[in-house]
């Protein structure tokens, strides 16, 4: 086993352990932080594989965006230090089954897939190339999915504005409508 | 118009901020205006009226002017001054009240100057010392008349 | 031009000849790590001293002048005091997160030092997404603040953390847009390419109007992002006593404190790199007569000096803000971002794109 | 108990601001209910530095009790002393010589300026600007030096005594005050550049801490707080004492009712005080500075009241005498207490930052509130 593999396994173990802690931790804020570590680990994996752009996007979107959002919602709904109640057996059992199923699925897929060796050197993924590929109309261009995703985000933004909008004359839940 | 107002707000805001920055920038570059007093190195000369602590004036013959009349003790709002008197025998054989010890509690004193005003013989005055810190509180209780001092001639 | 590239190459060759490739790489990593930690500590000390002196002169005071020559050792003495001070953890605090938060903030600040180019060849990691990496990693630092605020079990800290979360997340947008505006001109995210593109003049001059607008927006946004006055909502001392680090003392407080200053250094270094050419000396376009002579003359000043000079000038600017302006209220702060900076930034991005397409920059 | 509960029944955060807090300017304790950043309720709790000054005065003679009043509103200690001396003089029908009166007014106006300068610096700190504090202290220090030279102390001077003032002014006094006036005039524009004109400061102040004239009256606010709500209330105008009727000055009235109006009132009062000092400085009449009084003062039986305008508002001294050496009962009407009581009215529904800014413009001095 060479050093590269060792580092890979270390990062993978880090991801798995923090992921496991994220679902088992009884304190919700800690769970969010473990999730954060797991995400950072994934980003680290990307960095290790020299896919810097994807790693950076991983950090921006998942760490800087989604985890911060989760933490904010925790702030708004929970008290400091309060622990969640233990899940009941039934739910635990079903979750275990679901995890088992997903795990089996992954294992089967990995074992069935024939990995093509020899792609040792990483593809030179410059930002320029990603950019053109994203917006190109050629065969492997991603213009259509890109635009569809943009439309989805636009719809989400409009929805946010509608929810946050103060309707003139409407009383009641007018607080916290800003920002 | 909306856009004009918007630009005007931005312009006015930015100029007001820049004016403030120009001022602090001026002080940053003009060190002559610095007002820091480097206290232990450069000691300030305090005005003669400054009230630091009560002291009793003694002349070179170790004589003071206090008759022990306790006017200051009565004038003091905080019981800062305690005067102990004794009886001296005058040359013509009469007993006469005189000062034995003038106890001054600096830790109680608020430097209100009422004792100085009350004193009929100008025996006590305010000194300009202000570095009163000591390690033991009992050191703040002082005896103001010097040992062996006696009343000045002619002070009644 | 004098370059440090040779030096690093020599070290690299020597290590590779002595050990095998993996161990050589590990040794290099350790060397770089030690350099980063040293840099972190030195920057913290220097900037804290600078802040104290700048504030003193603006407030017509003398500032620290007792410890060491002209007070230069003051911050070292302060750090020593903080190190030997008891680190205090409040009751009912989430001890794990409480202790983790300052280290997280510190690690992120150190990670941000990686792509900064100090001079030609003196750069820890010249990755091809340099600017994106910086904005990505700096977006994590808010987590440290949120963590500290939550784990302290103190309501002031919690409010401070909430405020700083709202603030940093919103101002990241403007900072990102401002950088993006300049990326339109430079055409690359790599720090070395960005600097190389300023060989015939800095972008603040070459990019004229959009560059200047973007620079102003960037400086305002990063002032907010680093929680500096007038945007120090997270630690607004007259409202929240000390905000998210109310409960921290001793070394853990010092880490927050140092990390704040290193963050200031980093954002100013980014600004210096993007707008003022990093270590690139002041060059003028070749079309101007005697330009080559002038450029050669400028090259005699080493790149490190150019870089630190520009960065510290910008740091001074940010300190100047702090010691002049009152603090904004939280809703005004968000108004400033969403009503002024973001629309102006977006418009500016369009303008920059148009100018870049039409080739109206120098 | 409140510390343990932490949240109100509605789920709002309850926070103890103080007694140790940077913006309460002392040991004031506010229990505030916060909904997000919005202040829903703000309840001041007093008593952390209660020294029972009123009770203390009952055991002190009429000469002695005056010095204690310097410790109440320590920023306008001269004016407090003046109020007490006026009451004693009123009871004993002592006529203060003209020179004494003029010196008193000069000192009172210098004190007012010093107090307003400190307030200005502290307000800057409250809204997050640190530099104004030092700039304000530069001028305030000059006033303090003048005080030190003439009165012997910098803050609690005990210079004004029944019958006049304790000493005559120092020979350098007039020249020093003239120098101060020149200095101050050259610096007052800087205050406007640094703070008043600043857009951030204006945004922080305008429309914040609104209180209408009627509300302010009903809460018993006085001084700049009431004048900023458009009500005339300057004691120096409506019941002149110590010769204020002879000097020309304007009573500053603002109608903004908000923090910015209160700010403007104080800034303009600085200039008015300066003009009063300028009018009197060269016209200090010759003669005695103190009326001849008995060594031991005994007030006749009865009730006596007089009031003065301190830097914070109306300060009243109410003495009930049984004819003895010491007062039977003393009551002080301090401006800070009434002004503080309007705080919860002003800050309901505002942001946390506004609470601090409003408190700053109320110019609270806690020993004045909590005697």
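By written order: A, B, C and D. Residues from 1 in each chain.
Criterion: a residue touches a chain if its C-beta (ideal position, glycine included) is under 8 Å from a C-beta of that chain, and two chains touch if they have at least 3 such contacts.
Here the structure is a predicted model, which means the values were calculated and not measured.
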item: Of B-C and C-D, whichever chain pair has more C-beta contact pairs; value: C-D
item: Innermost chain by mean C-alpha position; value: C
item: Relative to subunit A, chain with the most remote C-alpha centre; value: B
item: Distance from the mean Cα position of subunit C to that of subunit B, given in whole angstrom; value: 51
item: Rounded Å distance, subunit A centre to subunit B centre (Cα mean); value: 70
item: Distance from subunit D to subunit C - Cα centre to Cα centre, in angstrom; value: 45
item: Gap in Å, rounded to a whole number, between the CA centres of subunit D and subunit A; value: 59
item: Of all residues in subunit B, the ones touching two or more other chains; value: 17, 20, 23-24, 35
item: Residue numbers of subunit A (touch at least two other chains); value: none
item: Overlap residues in subunit C, where contacts from two or more other chains coincide; value: 58-61, 323-325, 331
item: Subunit C-touching residues of subunit A, taken from the complex the two chains share; value: 2-3, 27, 29-30, 33, 36, 40, 52-53, 56-57, 59-60, 63-65, 67-68, 71-72, 75, 80-81, 126-128, 178-179
item: Subunit B - residues contacting subunit C, complex; value: 10, 17, 20-21, 23-25, 27-28, 31, 33-36, 38
item: Touch list for subunit D against partner subunit C, complex; value: 6, 13, 15, 21-23, 34, 37, 124-131, 133-135, 138, 194-195, 198, 200-201, 203-204, 351-356
item: Parts of subunit C lying in touch with subunit B, wherever the complex brings them together; value: 54, 57-62, 320-321, 323-325, 340
item: In the complex with subunit D, residue positions of subunit C that touch it; value: 55, 58-61, 155-156, 159, 163, 229-230, 232, 236-241, 323-332
